[in-house]
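Paired with subunit B in one complex and with subunit C in the other, subunit A is shared by the two complexes that follow.
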Partner chain A sequence: MILKINNAKKRYPAFELDCSMEVHPGEIVGLIGKNGAGKSTTFSLTLGLDRLDGGEIELFGKPIQELDDQIKQKLGVVLSDSTFNGNLTIQSIQNILKAMYTKFQPRFFEEKVKAFELPRKQAIRTFSTGMKAKLNILIALSHQAEFLILDEPTSGLDAIAREEILDMLRSYMEEDPDRSILISSHISSDLETLCDQVFLIDQGKMIFHSDMDTILSKYGILKVSPSQFETMDKSYLVKVKDETFGKVCLVNEKQYYLENEPELVVENANLDTLFTMYVQGESK
Partner chain B sequence: MQIIIHTTSYVPIYEQIVDQIKAGIREGSFQENEHLPSVRSLAKELKISALTVKKAYDALEEEGLIQTVHGKGSYIKQFNKALLLEEQQKEIEQDLEKLLLKAKQYHLERKQVVNMFDLMLEEIYDSED
Partner chain C sequence: MKGLLIKDLELIKSQKSFLIMMVVLSLAMLLFNESDPTFIVGFLPCIGAMLSINTLSFDQYESGLKYLFTLPIDRKQYVLEKYGLALLLIVVSTAFATGLVMITSLSQPIDTHELGMAALSVIPVAICIMAFMFPVQLRYGSESGRLVFLIVFLAIGVLSGTISQLFENIDLSFFAPLIQSYAENPTLFLISILALSLLVFGASMYFSIRVLKKKEL
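What follows is the complex of A and B.
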């Protein structure tokens, strides 16, 4: 297993983090949740940047307290605050990376810098949001890392830039089937076209976990009137939310309703609707 | 690979992949022993989860249409032409059954159905383009 988080606990004045999750070789795992729900804390703890108050975290089979350089070489990281000093240029960053990483790939790095049209001799604090984001991903992908840990890597980017980055991630996984990615994002459509597994975190706890295929193929959203809600079959009902027209229901077997209750409005579920229903909906 | 996914369809994506590969095999767009793209490659191409692709490949393997060799990937198995034809026939039979059940539901008379069928046969089978 690449990453194992077992009841990791961290206490804050506002809430307590208590979560578990796993990343296996070859998997792309997505993490979604509100701002302040614990996504970034989970990342900090995983990278040993913050200390656990309880529970265990293992990276590449080693407890996080024993995180050493050998393991760090295998990690490619993008965190929300830029990692390099704003006065540095891409030129200097390349030299730093070459010194830091035994498996740094200078040709790949230079090719992508050119492809992204990033200026080599300009201080990175002058870069736009998009340029910074592309550079950060590039840095994470340039040393043959086995595990990418990405905290909202496409934040603030337009659809075209996002797709460029997602495609880089897909190519990265294609090159080596044992690589893995843990990625958090608010842009559900990005995750839907990328992830194999999804974890939903809310107020420090994992409240939902499923594979993407099940979410897209089995889960569904029903929009029903109050009278329809009375009579409908509730066996597959997971969450309910009141709306002006009646109720919105999250079900985990939309096929049943498509076949047996065709008069009901059935829609495909997606990560956004799933997320909203789990956080704001009530259990049946 | 020529696979087009309808992302907002009610039909699960893995099923769409299975159906299209099957159709491709029937229509002869695949060669026997042709290598299929790796799970990650197809996932990249279609912009979907690798698990979905794996599900499709597993389903195809269960039906005996492809073979997956660990470490080498998946490839189209040698066709059993008779099996394919049998499958096609089964498909037509199922559609016919659905059709006739509907006609019965609408209280169409047997004679009416036969007439409609004959007219269609003439139009589709007997006329030369």
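What follows is the complex of A and C.
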């Protein structure tokens, strides 16, 4: 197992994180939550940047308290709010990475810098949001990392730039089937086409976990009137949310309703609707 | 650690306008102030110490330390590199300042022994500046660190009267032979001060490692 988070706890005055999660070799795991849900805190704990108040985290089989240089050589990291100092240039960063990482690939780095049209000798504080995001991903990918930990790598980007970055990540995974990615985002649609598994986090707690295939094939949304809600089979009802027209229902066997209750309108669920229902809906 | 050193040297390089200004200012002081050419020998090594502390400010800016510790370095290496860099910058700036004075004094005689003693005597001062400022800035950050310094120096100023009265009442005759030997042999005094400053430096480094190991990023 690449990453194992077992009831990891972190207490702040207005917030408490308590989460569990696993990432296996070859998996892309997504962590979705709104701003302030605990995504970045989870990442900070995973990277040993903050201390655990309880529970355990293991990275490559080692407790996080024993995180050392050898393990960090295997990691590629993008943080949402932190990167190299803006006074550095790409040329400087290349020199730094070459000195720090035993498997740094200068040719790959230079080719991608050229392909992204990033200026080598300009201070990175002058870069646009998109340029910074591309550079951050490139840094994470440039030393044959076995595990990418990416906290909101596409935040603030337009759709085209986001797709370019997601393509880079797909290529990265294709090169070695044992590589893994843990990626967080509040843009669910980014993760839908990328992730094998998804965890939803809200107010510091994991509220949902499933693999993407199950979410897309089994979960559905029913929009029903009050009378329809009274008579419908509620066996597969997971969450319910009141609307002006009646109720919105999240079900985990949409095929059942398609076959047995054809009068009900069944829509495919996606990560956005799933997240909305789990955060705002109520259990049956 | 090599990567950290390269990073810091690149950050210092990015301040080349400031460095050029310091060199020009030093040259101007040498050429237009004939009364004390050794002034810059005291000035530039302190700038060297401050440059190393500045690299910490750069790292702390916009939570940059957080990202740095996702790279393959640990907290002890980070502190060791900073202190090593400080020593390097202090020695290099002292040598540079001394060289500048000697070059600009070619046209007039200068007491090289006095110059050498001035150069060597400022190294412990620069080391102590680094030793006191670095752990404070590491612990409290750039902004709060400046406030802490202000409070400490104000407190020293306020208490200095009390401290000097205290020393007047203490019998220091026990130290008379030591004071006598220092007066007769300034080199011995210099070596003692250097050794003491390196002890302070080492203690500061130990303390900084402890501060950083406990710090949540």
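Just so we're on the same page, the second predicted complex is superposed on the first by the 283 of 284 C-alpha atoms of A that agree within 3 Å, B and C clash if a C-alpha of one lies under 4 Å from a C-alpha of the other, contacts with A are read in each partner's own complex, and residues count from 1 in each chain.
Going forward, contacts are C-beta pairs under 8 Å (C-beta built on N, C-alpha and C of every residue); 3 or more make two chains touch, one makes a residue touch a chain.
Given the structure is predicted, the values throughout are model-derived calculations rather than measurements.
Visitor: Once subunit A from each complex is brought into register, does subunit C clash with subunit B or fit beside it?
Guide: fit
Visitor: First (subunit B), second (subunit C), both or neither: which does A:D50 touch?
Guide: second
Visitor: Return first, second, both or neither, reflecting whether A:N87 touches subunit B, subunit C, both chains, or no partner chain.
Guide: second
Visitor: Would you sort A:D196 into first (subunit B), second (subunit C), both or neither based on which partner it touches?
Guide: first
Visitor: Quick check for you: in the superposed arrangement, does A:A123 touch first (subunit B), second (subunit C), both or neither?
Guide: second
Visitor: What is the contact status of A:R170 with respect to subunit B (first) and subunit C (second): first, second, both, or neither?
Guide: first
Visitor: Could you say whether A:D213 touches subunit B, subunit C, both of them, or neither, answering first, second, both or neither?
Guide: first
Visitor: What is the angle, as a multiple of 10 degrees, that the CA centres of subunit B and subunit C span when seen from the CA centre of subunit A?
Guide: Apex at subunit A; the opening toward subunit B and subunit C is 150 degrees.
Visitor: Residues of subunit A touched: more by subunit B or subunit C?
Guide: Looking at subunit A, the partner in contact with more of its residues is C.
Visitor: Please state the minimum Cα-Cα separation between subunit B and subunit C in the superposed model, rounded to the nearest whole Å.
Guide: Between subunit B and subunit C, the minimum C-alpha distance equals 27 Å.
Visitor: Under the definition above, what is the set of subunit B residues touching subunit A in their complex?
Guide: By the definition above, subunit B touches subunit A via 8, 10, 12-14, 38-41, 43-44, 47-52, 55.
Visitor: Can you tell me which positions in subunit A touch subunit B when the two form their complex?
Guide: Residues 26, 28, 166-167, 170-171, 173-174, 177, 193-196, 211-213, 216-218, 254-255, 258, 266, 268.
Visitor: If you look only at subunit A, which of its residues touch subunit C in the complex?
Guide: So the residues of subunit A touching subunit C come out as 44, 47-51, 68-70, 72-73, 75, 77, 79, 81-89, 92, 95-97, 99-101, 123, 149.
Visitor: For subunit C, which residues count as touching subunit A in their complex?
Guide: Its residues touching subunit A are 2-3, 6-7, 10-11, 13-15, 58-59, 61-67, 69-74, 216-217.
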